[in-house]
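Next up: some structures, all given as structure tokens.
In what comes next, chain A is part of two complexes: it sits with chain B in the first one and with chain C in the second one.
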Partner chain A sequence: MSLPAPPRPGHGADPAPSAPVREGAEPSGPDLATTAVDAAVDAAPWWRGPALGVARWSAALGAAVVVYSAFLLARGADPVLALTAMWDSALGNPTGFGETLVRTAPLLLAALAVVVPARAGLFNIGGEGQVLLGAIGAGWMAFRLGDSLPGGFTIVLVALAGAAAGLAWAAVPALLRLLTGTSEAISSLLLNYVAGFLLTWLVFSPWKDPSSLGQAYSQRLDPNASLPVLWSRVHIGIIVALVAAGAVWFLLNRTTWGFRLSVVGGNSEAARRAGFRVSALAVVAMLVGGALAGLAGVVEVTGVEGRLRPDMMAGFGYIGFLASWLSRHHPLKAVAASFALAAIAVGGFGLKISTGLSGAAVNVLMALVLLAVLGFAQRKEAT
Partner chain B sequence: MHISRTPIRAGLLALIAALALVAGACGDDNGGTAADAGADGDVTVGFIFVGPKDDFGYNQAAYEGSEAVAEAFPDIEVLQAENVPETAEAEAGMQNMIDQGADLIFATSFGHLEFAANMAEQNPDVVFVHQGGLKDDLELDNLGTFFGTVYEPVYTAGIAAGAASETGKVGYVYAFPIPQTLANINAFTLGAQSVNPEIETITVATGGWCDPAQQAQAAQSLIDEGVDVLTQHQDCTKTIVEAAEQAGIYSVGYHADASSLAPEGWLTGSEWDWADLYVDIVQTVIDGDFVGSAYNGDFRVGLQTGDNPFVQSTFGPAVSEETQALIDEARQSFIDGGSPFSGPVSDQGGVVVWAEGEQPTYDEVETMDFFVEGVVGSTN
Partner chain C sequence: MIEQVLYGAVRGGTSLLFPVLGETIAERAGVINLGTEGSMLAGALTAYIVGVQTGSVWLGALAGAGAGASLALVHAFMVLTRGANQIATGLVVTFLGIGLTALFGQEWVGVGVNGFGAVAIPVLSQIPVVGRVLFDQDPLTYLSLLAAPAIWWLLFRSRAGLRLRAAGERPDVLLAHGGSPTLVRYVAVVAGGALAGLGGAQLSTAFTRDWSEGMTVGRGFVAVALVIFAAWNPLRAIGGAYLFSGAIALQLQLQARGWELSPYLLQAAPYLLVIAVLAVLSRRRAHQAPEALAKVF
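The block that comes next holds the complex of A and B.
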């Protein structure tokens, strides 16, 4: 132990992995965060390793499914029928699978928007607002450009504008934290409401489509600002999101910046003593998160909605937050978590149709999965 | 708290395995229905609703219509999905129904039109009918719209309101200024003014079809303005009817009969009875007669055609025999070819829109973009 482990300053529940400092890693080794723990897992006997993991996960998720089935029964629905219908509509056929991919793209980006700040020990609960700002920024640029530029340039500028808008929205809680010590969790959360009002105002007033017969939505984005389609309704947003996940993984695990972020998140006092610019690192992590959330808004508005609507993307930021927690804030595992939550969300249609339950009933399943996984994590830690 | 790094892969595998197990165990009983479009006796009809199916309002009425379809055609499969938002999620929802073999989809909310039109373009084998919109110049063989002339019973309900009001102020809570809501507010105002020319209709837009918190605020602000009749163009109507009853003022319902919520103050209202129309649309599609039929266009029915699916609700105790006679008289005039908007009708600025002896066509009413004289509020 080359560094002491002083009591944690400030935040009690620290989401970031904190292995490297405790393991006595040298500040120059950027990828120890992963290898140290992986090595520990590899060294464990087989029954402590993957087999046990599978068993535990099966038990945890099986319990979630059982509790959910009880919930469905209590609501007068046949759980087997309901779960089958969810499976069929989300993964059981090509179009359903496509819908799940379409939904995965923004959710994964919104999850990454939580992952990066979490590495620095920050809670970005503002994804909900940052995705809306991303959509607004994208819309603004798309309306300004119209068809004046070739398609490729338009979509890149639109994406940059959306990312910048998301980044700017995240800068507010980041700077408030830096300057006044306000909790970024609270301020980013509250800004979600402001973002919602901003979007509502825009689509009811300045950006309202004059041909909408009074219905509140913006004009349609120019076709130049539409994401290319891979097949059916599946657009390249899923590729953008996967590339972003890879990039975030690389940044966090293979660069000095990512390593420093881990140190800040794991033990900011140690980071300070090591001479890191803790505040700057934290602010930048938050900004990167905001930009990623902004991209989530971009892919949804340019790939799916085609215009801005008052209730677009409702809940995406929060589901992304959930995905990040499910994946322990790991960018690659967030891919799987986002896909699973997207499948549950898309499966909601099948659930609605087969059982007559409100689509919101899938939120119960999402919550149960999260509880099961967190409960499982705590047991694991206790051993 | 120190977070461990257990591989989530294993967990997701387990989740997928668990779900696969469930899916496998009970067989794939939906698998056979897709791609059977049009075959007799194997028809699937889908309905999407923007709100909950038990909202004492628009969605409940549409849901009951879909139940009537299920009853009338025991052999067809009816798919219903409530709370389908007016975003691209509606497309995903309709896609889901198509995957389950839907041959005909009822998109029942005004804001679902764009998505129904998109899906109609992408799925030429599936018929889409939209409730309340206008397909305009979309030349698609598999898309149509339908609606009743909502403003006729709203006008006659306005007569009851005008007769009951003592303050001369009636309150109207509505969602957005779209032609449908404007036509209703105007018809209600003109009906009330037909018995009391001094009536003012004070309007509040909530910006949503069913937001009880907004509705409660809107109702309270109108009560504070001194209105003594409260009505609405909202999808869910419970909150406002209850607010009126609590404040001891009159209420006029919309979409569904809510008289049980306001035994004292209930005047009347207008409500949907979709059963016959839905059933006829389904029959037309089953018979293969949709293309070129009236339902393939912008189908509108009213008292003139004799089958308006939008009917007058029961009268409350405060509506006198005399008022009911006036209402019957007005209704008869619509049956005979008249309109609630028979001139003279002036807008808020006093400009005559339809002069004495003139009246708008159905199409003109459905593109209405102004408030009549006597309405307090803005169409922006």
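The block that comes next holds the complex of A and C.
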């Protein structure tokens, strides 16, 4: 319970005493430098230690599964059957595991797109649109190049075009925030719908596959513009995403830029007094996020789809946002969070086949997991 | 054509006016709720199902408001009792609404409901142009136009409104007067969710009279943006809601008149308009925002 009133000395009338707040961990917002957090955790009393953490997480996740089962029951489906089918299709066999890895790649990149701006205290909810723009940029470059260049060059240029398009889309809310003070959360959110209409227009008009008849999809990308495959359907996108996670970790925790970003996110007034260019830092963080989300679109188009469709990546940006919050904006923990949410997403196929329920029903499980974790498994934070 | 656009703006704006009013109440108490989109979807589906099942659209609208309020209660509990982040929780609540309506709405796609029809008000509806635009609409639209001034009065002229605004501006003062900011915020967020649910109900039972997955297309998020446009004022909310729906109505008219531009690009225009308006107004609005909200943005 946190009243947004400025904390005042002698504010003794607080009706709901908040959970023990650790000294030194304020102000709230994205994590401060990891070292500070580690120190704070070391100083925590035993009952906030790892054992309780595991218990809290297990209880929270268990509760999410129980509530989800109740919803499935209410819908007239057998929850045991449904959950088993979800497990089987996502993790139960090599094919399913491969599919989960394939899905993890774009989700992890979309999560990192939230992680970097969050370090500066910004909300990038525009991942959905930036992912679509990444796909559009990749498609544009692939159609332009065709088979004119050797394969290696093509894919690199395609990836760069996608990242640039995602970056440009993120520049809009970043600059609006800087120049006009518009909330980047709201403008980036509304731009997602604009990006969706843009992609729909492209696949229905200029890029339409003439043989697609009434179906909406673009022409095929040239084989030169497809990502190399590791085994079966698993492409190197997962390697790209893991390398990106490592790079973001290094950038945020081991460079001066990352440290400055943490200061901006923790206390922008202190950052200003220290002489940091706060606005420039924040804008660049948002742009880096947009480029990462653009890459998510690239790996999905060049690794899985091979063409553009309007609903090809519906929800990827939002699930990335959830993955970032699930990992408390930690780039390496985001790997695990993205994998977990990817498994639930892929489990939707099993759910659909075994029970005939809409595949989108797995969004309920994702939301419940996030509610359980935000509200119960993690430390409380202000705002 | 102007009459067509105005008529379409009012008819299509109701599903936006209710959530803008609801979000205004919540934000005046100091809570931002991006779960508004989820509340709208829940309201749309619930009103639709109840309307089909019972044959009573009014019962449906009531149930829709209840569904919207239930999701808002989840948001309130997470944010107020568990101290979770408002923006993140709001999106998760919307995600929950998307998933639940996909789960329970599957069999109801394209069923069709005998929903709210237009009820012409005698005499007034005979006035040229204005009569058709304002007095030949569905009952929920009349309700929304009555709700706006009623909520304005409640917020700015009643004792309850004073306490609500205190919770959003100076919770410590409310506390010192023996009030509970938390309780006030709970009531405000849940009431806001009920209004968002009612907006969803108008969309599915009066506007389209059909249910389809994700039919709100971001109207709940647009509502949150329009609250800023309206400067947290329920009367200006009317203008905000009709601005967006007017852009949609205009775009539809242009399409009907065979404009060359692709319908998909035209559909994006109202969203761009809202972003542009926010960009122009944001600086001016910064000092008008309820103080407690500043901590969130």
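As a working rule, the second predicted complex is superposed on the first by the 334 of 383 C-alpha atoms of A that agree within 3 Å, B and C clash if a C-alpha of one lies under 4 Å from a C-alpha of the other, contacts with A are read in each partner's own complex, and residues count from 1 in each chain.
We take it that a residue touches a chain if its C-beta (ideal position, glycine included) is under 8 Å from a C-beta of that chain, and two chains touch if they have at least 3 such contacts.
If you're wondering where the values come from, they're calculated on a predicted model, not measured in any experiment.
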Touched partner set for A:K352, first chain B, second chain C, both or neither: first
Chain B versus chain C as contact partner of A:A185, first or second or both or neither: second
Which superposed partner A:L370 touches (first chain B, second chain C, both, neither): second
Touched partner set for A:V284, first chain B, second chain C, both or neither: neither
Touched partner set for A:A63, first chain B, second chain C, both or neither: neither
Touching partner for A:I239 - first (chain B), second (chain C), both, neither: neither
First (chain B), second (chain C), both or neither touched by A:A360: both
Which of chain B and chain C A:L160 touches, first, second, both or neither: neither
First, second, both or neither for A:H330, with chain B first and chain C second: first
Overlap of chain C and chain B interfaces on chain A (superposed complexes): 13, 15-16, 18-19, 200, 204, 358, 360, 376, 380-381
Of chain B, residues touching chain A in the complex: 1-15, 17-20, 22-23, 25-26, 28-31, 34, 46, 52-53, 79-88, 91-93, 95-100, 110-111, 134, 176-179, 181-182, 207, 367, 369, 379
Sites on chain A touched by chain B in the complex: 12-19, 34, 37-38, 41, 50, 53-54, 57-58, 60-62, 65, 80-81, 83-89, 91-93, 95-96, 99, 102-103, 200, 204, 213-216, 233, 304-306, 309-312, 314, 326-330, 333, 336-337, 339-340, 346, 349-350, 352-353, 356, 358-360, 369, 373, 376-377, 380-381
Residue ranges of chain A touching chain C (in the complex, touch as defined): 1-5, 8, 11, 13, 15-16, 18-19, 71-72, 75, 123, 125, 172, 176, 179-183, 185-187, 189-194, 197-198, 200-201, 204-205, 318, 321-322, 325, 357-358, 360-368, 370-371, 374-376, 380-383
Chain A-facing residues of chain C, complex: 30, 34, 74, 77-78, 80-89, 91-93, 95-96, 98-100, 102-104, 106, 170-172, 175-176, 180-182, 213, 217-218, 221-222, 224-225, 228, 262, 264-265, 267-268, 271-272, 274-275, 278-280, 282-283, 286, 291-292, 295-297
